[in-house]
Amino acid sequence: MARLTPEEMDRIAREDVPGVAQTGVRFEEIGDGVVRARLPFREDSIRPGGTVNGPTMMGLADIVIFACVLSRIGIVKMAVTTNLNANFLRMPGSVDLIAEGRLIKCGRRLAYGEVFICAEHEPDDPVCHVTAT
Amino acid sequence: MARLTPEEMDRIAREDVPGVAQTGVRFEEIGDGVVRARLPFREDSIRPGGTVNGPTMMGLADIVIFACVLSRIGIVKMAVTTNLNANFLRMPGSVDLIAEGRLIKCGRRLAYGEVFICAEHEPDDPVCHVTAT
Amino acid sequence: MARLTPEEMDRIAREDVPGVAQTGVRFEEIGDGVVRARLPFREDSIRPGGTVNGPTMMGLADIVIFACVLSRIGIVKMAVTTNLNANFLRMPGSVDLIAEGRLIKCGRRLAYGEVFICAEHEPDDPVCHVTAT
Amino acid sequence: MARLTPEEMDRIAREDVPGVAQTGVRFEEIGDGVVRARLPFREDSIRPGGTVNGPTMMGLADIVIFACVLSRIGIVKMAVTTNLNANFLRMPGSVDLIAEGRLIKCGRRLAYGEVFICAEHEPDDPVCHVTAT
């Protein structure tokens, strides 16, 4: 069972990572080591071509992995990302993004997970894949 | 010689990547394939611990690599990042960050570069190292 | 349906990548964009601690991704890896390794996939996760 | 001053990582956190196109980073790689490779460094860039 609810995670984002929270990210489902979040489309997250920009997607992935860790170990704010590797697979266009993350390993000192980011309604053709430690 | 001035790059950031520009990034020096930018410390870029957050640093690195490419090939807005790998080495604290990027390779189809991000006044102890394609 | 059989891929490894083939890798199942291979434990692949070393696992992952691409597009030898990111999650010990790879994206110019490497009999606790372009 | 000589590192490679040592890697210079090694060209390290293959270069980079760490902290064999990210920039052809590595950070728990691999006689146009933790 998850040690964190979507409402708690929305609040943590607002209080502790305001720069990310102001992108509008909302947590939809949190299980044990499994998290789904939605990033509503916003005009100020675009890049040339009218598509959501890379840093916005990396910020989304980063907080989703953070939520995956908290869902397993409970609310401990000192977790820090040491490595994040993002691969951008195609342009998402001007739509809401859905990020689905899961823990691959959660040890005492290191946690590692992956996030797939898809355009809403196109779950089989990811726009971005991120791994983070 | 660089095919881009710091003033042109500041303008490109404001017009084309407003979400990144509003972090306050300023380009200080642009040579051929070499770029230095400054990210002033701002309250909304923090994370738990009072330090600049990861997505802010990744956004900074991403636009610095983009500027490195433009400094070599001229102002062509269709360059897209396909891979970005960030390693966070220590917490920077509440200070301005200096990002220094350089192109390692610039071919017809792929460009690749690296960025070191340091806290101001501590140029020998980087807080973050990013490579991007 | 896969455009490649395990036997064809074993032969390609022997003929074209002898340095990797001599580690003893064998392809067990190849579907469309999905590949499973086995690396028998060998004394010369160890590192301090008596465990299979990192380069051996990266070589295994690299050829599994290559096989994933060939299973989709047919036998075309010019595919090259441009980025490989490996995360080592725990030590496997002195056992056979099973690598399961799948394509995440296969476009005209870029293919991207991931590989999980597990110790035999411990499929739920991966020792290594690799992404490659 | 380095806490390791090239001769000691050649011996460590032979004794502890025989699979890598048999590629013929030789350590040429070791300073404090700075290492240069040479990989002589060998027929069994090729891949289609007659060029040194990726796993061979990743193995070279991995042991060079390992040597960088030992040059700083002394001979301690339990250092393990947790992340290795390799970017292949062009094909090296059938020549000796020179790998130059340096530590970027060496803390109590994590060390991080980078390696540039170049074809001999072409030091300004790297074939591969690797970062490792």
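Brief remarks on what is shown
Read from first to last, the chains carry the letters A, B, C and D; within each, the first residue is number 1.
We take it that a residue touches a chain if its C-beta (ideal position, glycine included) is under 8 Å from a C-beta of that chain, and two chains touch if they have at least 3 such contacts.
Predicted, not measured: the structure shown is a model, and the values here were computed from it.
Taking the CA centroid of subunit C as reference, the farthest chain centroid is that of B. Comparing chain pairs A-C and C-D by the number of C-beta pairs in contact, the larger count belongs to C-D.
If you average the CA atoms of subunit A and of subunit C, the two centres end up 28 Å from each other.
Put simply, the C-alpha centre of subunit C and that of subunit D have 22 angstrom between them. Across the assembly, subunit D contributes residues 82-83, 85, 87, 133 that each touch 2 or more other chains. Interface residues of subunit C facing subunit B in the complex, by the touch rule stated above, are 82-83, 85, 109-110, 133.
Interface residues of subunit C facing subunit A in the complex, by the touch rule stated above, are 83, 85, 87, 89-90, 104-105, 107, 112, 114, 125-126, 129, 131, 133. For subunit B in complex with subunit A, the touching residues are 16-20, 22-23, 44-49, 53-56, 58-59, 62, 77-78, 80-88, 91.
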